[in-house]
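Listed next: structures, encoded as structure tokens.
Okay, so subunit A shows up in both of these, paired with subunit B first and subunit C after.
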Partner chain A sequence: MKIRSIRTVIAPAVAVVIALAAWEVAVAITGVRAYLLPGPLEIARTMWLNSARLFDASIQTAMAATIGFVIATGIGIVAGSVIAAVPVLRRALYPLATILQMVPLVAVAPLLVIWLGFGLPTAIAAATVVAIFPVLAATIDGQVSVDPGLREIFALHGASGWTRWSKLDLPASIPNIVTGLRISAGLAVIGAIVGEFVSGYGGDDAPLGIVVMSAMREARTDLVFGAVALCAVVGFALFGLVSFVGWVLVRRWHSSAVDPSGEKS
Partner chain B sequence: MKCHLNPFHQVAVATTIFMSVVACDRSSPPESGQPASPTKKLTSVTLQLNWVPEPEFGGMFAAVHDGIYADEGLEVEIRKGGAQVPCAQLVASGQVQFAVVSGEEVLTLRARGGAIVAVFATFQQNPTGFLLHASNPIDSLEALWTSASTIGIDPGLPFVQILNQKYGGKSLKLVPYSGALATFMASPEYVQQCFITAEPVECQLRGLATKVLPISDVFNPYGAVIATNETTIRDNRPMVEAFVRATREGWRRYLKSPEVYNPTIARMNPSMTIEAMNLAAKLEAPLIIPQSEGSLDGESSIGRMTLERWRITGEQLVQTGVMTAVGTVEDAFLKVDSAPH
Partner chain C sequence: MSASHVSLAFRRVSRTFPGGVVALNDVSFSVPAGGLTAVIGPSGCGKTTLLRIAAGLDRATSGRVELIPKSILKDGAVHFAGDRKTSVCFQDPRLLPWRSVIDNVALPLELAGIARADRMARASQVIAAAGLSDAKYRMPSQLSGGMRMRVALARALVTRPEVLLLDEPCSAVDEFTRMQLDEEIRRVWQASGATTLLITHSVSEAVWLADQIVVMGGASIDEIYQVQLPQGSRDRTSAGFLFEVETVMKLLARAAGVVAT
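Presenting the complex of A and B:
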């Protein structure tokens, strides 16, 4: 168990280190200018020198992405459950939800500014819009796939709709929902950044989206990479949190939390 | 127009369209030079614009329209731009021979190691400004920067720091410039950056009264600079000089008769009407040839650059923290004579 956990951490860490080393060597050998492609060490140095600004920016972006993600989770699970429970709604609304996913956020974001104004609300709304569909779809798929035999048992015992949903449909769909949430976690960060591109405030507490735009303007490619790396960190943190919560919820009974050897992870 | 850094155009960079200049209408006005010999081999070069075709690039389109580039032995492909097209990086890395950039971008990228060199400065006066509703009581940069206005502006523009140092700007709310007028038209208090020859014209045509506070009083780098790279100059300086000469002649003709050339530009940019282009051309003429510096017939002032002007821009960029040192400003630009060697 312990050795497996260590391997789980070390393997990707070694892969990252090798990739970064190869990148640094390639930059050194080719002599490519830093304004075109800075090396990881240069990026790390820039991130260190701008750590206060980048930290504040990351907090701003993380806040927008997290709030948007939480809203998307709430709406996605509730709406998904309703749609799954009512066949006519499923037939009527599922195509609409699919179309919602197809709408490019970059086209919608300016409208969000007009409706919600500048700053955090638009970034949150943008994060919500892109994060909602995976949760919705996963919830619907999870709840319509519940074992019919179990449903019949609930029916035989005269269980109410609420009881069946809270005791059977929702718990059974958790693995699906967690999968949807993992996808939504990354999308929420992307949505927040796009929202910031159109609505983020400049100044000392500018979010990562504005830092990226500003650095691009100043030809500071190293700072662009630094900000982008932090976007990835924010997304990864959300992803990790969702994965952990999901593991806690299903570890006792679902195969996804069980080692292939049969050992619980 | 470099000022129009719309994030959605940034995303739309992928849709950048190439224009084959040789396919353009070659119906030349009487002052057109001798057409190139059919057997003369032309040198292919690319000019990357930093915005969609508009009158701010009128001289280059006139040079194409009248075959002036071809007369100089050049086959010029004008590549349509977008807000996030990294023109300075493209030209510094040699992916295109020429690109339109802003003056400060030349110095900034050189400070980062880019071998970019300016060869032609379209705007002798900075065409950037702030667009306000005519009803807005704010009437100066100082009043604007000491107000609590919301300003749509591209993040990272150096003059923001200059204004901050001068006036504070603590109460301002700076938000990304959308490149569109929707928010401005809906909010009488809203202020946004503008290209003096673009948004004000658009508002005028829509019947909206506006006023402009020019930036040039506090930050006046050369605008819409055509740049190349050091390698191109070293390997093919005659070609660079020919390009500049043709561009200068193109501007001379464009400013005399913009209505002749604007339909060509409008075909490349249907979102701007010919009426707007004609108005913009009138507005930009004094910024390209300031009245104190000659007439359209005295072509020498078109595109010219001075060491002092570049040095002032460099010093301002150092002052704002964008660069740490002014560096060798004399290497940042190349003077090209009007007459061929």
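Presenting the complex of A and C:
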């Protein structure tokens, strides 16, 4: 690993350690009650004692977010490609999609419960709904901005619409799509957790959203913090995976390729 | 490859763009079979529009472009699978950045539905002839500007065109690279035997490469000049070459409406 890469990893890690240490010291000095603000060590101890439950919860939430993200990716790329290819659809649907994106997910989530019931499908649907727009918008932007000169090369050789899409429009828009997917990855986890909040399901294998809600009702602030930390871990893992795949896809040809350590390749 | 038997003829071609801008006005000339004709003229005189009409990327408002003995419009297709009557090399290389050199060169054959093994074999031949074998698997971002243009030329040749249309292929490179590219264009033209139309704004390039130079000014032809130097012995530093350049420069200055000194 290059020295710059090591610095890129170490610098934020040191910042996190310092922040946690400051938090621990502040809690110890001020004597604030643990049910209001537990220290990081207390949170870590709680996470350790509840590791099996939290692990299962993380898997549940990660599954809902990932399935929702995959569905959103498929719908976003297909719908985005169709909308990009048909100007009249672009004029008709793009503003509508933008307006729908403005509707808060928290307000829509109860509708999903009405339609899909309590349980995993609602969490998946919530993740899908919130993750679609960035992929859709990125796909449209990427495909309408394909270099006209490259299109002429395909026109000169009499390429069909499908050939041009599969060999030019889609590959040319991959950098845009990857950018959209990175945004969607984070949103999918948020969507899944909101879906879990409103659909309240679980029992022994309750997802992180339900763990947060039940721990809150029991005034287990340390457990709330632990579950929230794992929500961030799930989000970061999905974001990291998407970033890595995107980097692999475009690293050899596109200047936007940023490796997972944050450096331009 | 033997010389092309197809000549390219512009018959009273005019092009007026929406809004009334006249790009071409009654342009007629022929590129003889297997010959190389250069078109020069000031910016905006319609050179590139002429090429785009010949390539089928734009339409003449009136007049027509013909491949003699076959019409471009009636028979723009194939001799045998993968081969085309015409090919174009633009002033920017227009390579697909996610494809390697060989995959870019083979693209026209891929679009024609040629099997992978066959198209790779033919692309490799063209790449080798262009002296690019070492760069065969490199990405366009790993090549210099001159090499990218040579790849674009190789892609234009992979379909064995009878008519080659070159739109200022050396406009974006430095003078030294331009001379190298000129050598490559001459090699390509002589090896392929293609009837070639070269759009350029460089008088010395036109004189060095062409048999015939069409001087345009104000959307129409001002002069058609036959270069007096034999193809095999053109030397950029010889008195004869410099005299030809000066002569064409004067014609260009007259066409552009400026005084040559």
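The criterion applied here is as follows: the second predicted complex is superposed on the first by the 254 of 265 C-alpha atoms of A that agree within 3 Å, B and C clash if a C-alpha of one lies under 4 Å from a C-alpha of the other, contacts with A are read in each partner's own complex, and residues count from 1 in each chain.
Assume contacts are C-beta pairs under 8 Å (C-beta built on N, C-alpha and C of every residue); 3 or more make two chains touch, one makes a residue touch a chain.
This one's a predicted model, so the numbers in the text were calculated from it and none came from an experiment.
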* Asked: Taking the superposition as given, does A:R252 touch the first partner, subunit B, the second, subunit C, both, or neither?
  -> second
* To do: Applying the touch criterion given at the start, work out whether A:L168 contacts subunit B, subunit C, both or neither, answering first, second, both or neither.
  => second
* **Touching partner for A:A206 - first (subunit B), second (subunit C), both, neither** => first
* First (subunit B), second (subunit C), both or neither: which does A:I114 touch? -> first
* Asked: Given the touch rule stated above, what does A:W48 touch, subunit B (first), subunit C (second), both, or neither?
  -> neither
* Report for A:S214: first if it touches subunit B alone, second if subunit C alone, otherwise both or neither. => first
* Could you tell me if A:F154 is touching subunit B, subunit C, both of them or neither one (first, second, both, neither)? => second
* To do: Pick out the shared contact residues on subunit A: the ones touching subunit B in one complex and subunit C in the other.
  => none
* **Contacting residues of subunit B [partner subunit A, same complex]** => 5, 7-8, 10-11, 84, 86, 88-89, 92-93, 105, 108-109, 112-114, 150, 153-157, 160, 173-176, 178, 180, 182-183, 186, 322
* Quick one: in the complex, what on subunit C touches subunit A? -> 55-57, 84, 88, 90, 92, 94, 96-98, 107-108, 110-112, 139-141
* **Residues on subunit A engaged by subunit C in the complex (per definition of touch)** => 147, 149-150, 152-159, 163, 167-168, 171-172, 174, 250, 252-254
* Asked: Inside the complex, what are the residues of subunit A that reach subunit B?
  -> 33-36, 106-107, 109-110, 113-114, 118-119, 194, 196-203, 206, 210-211, 213-221
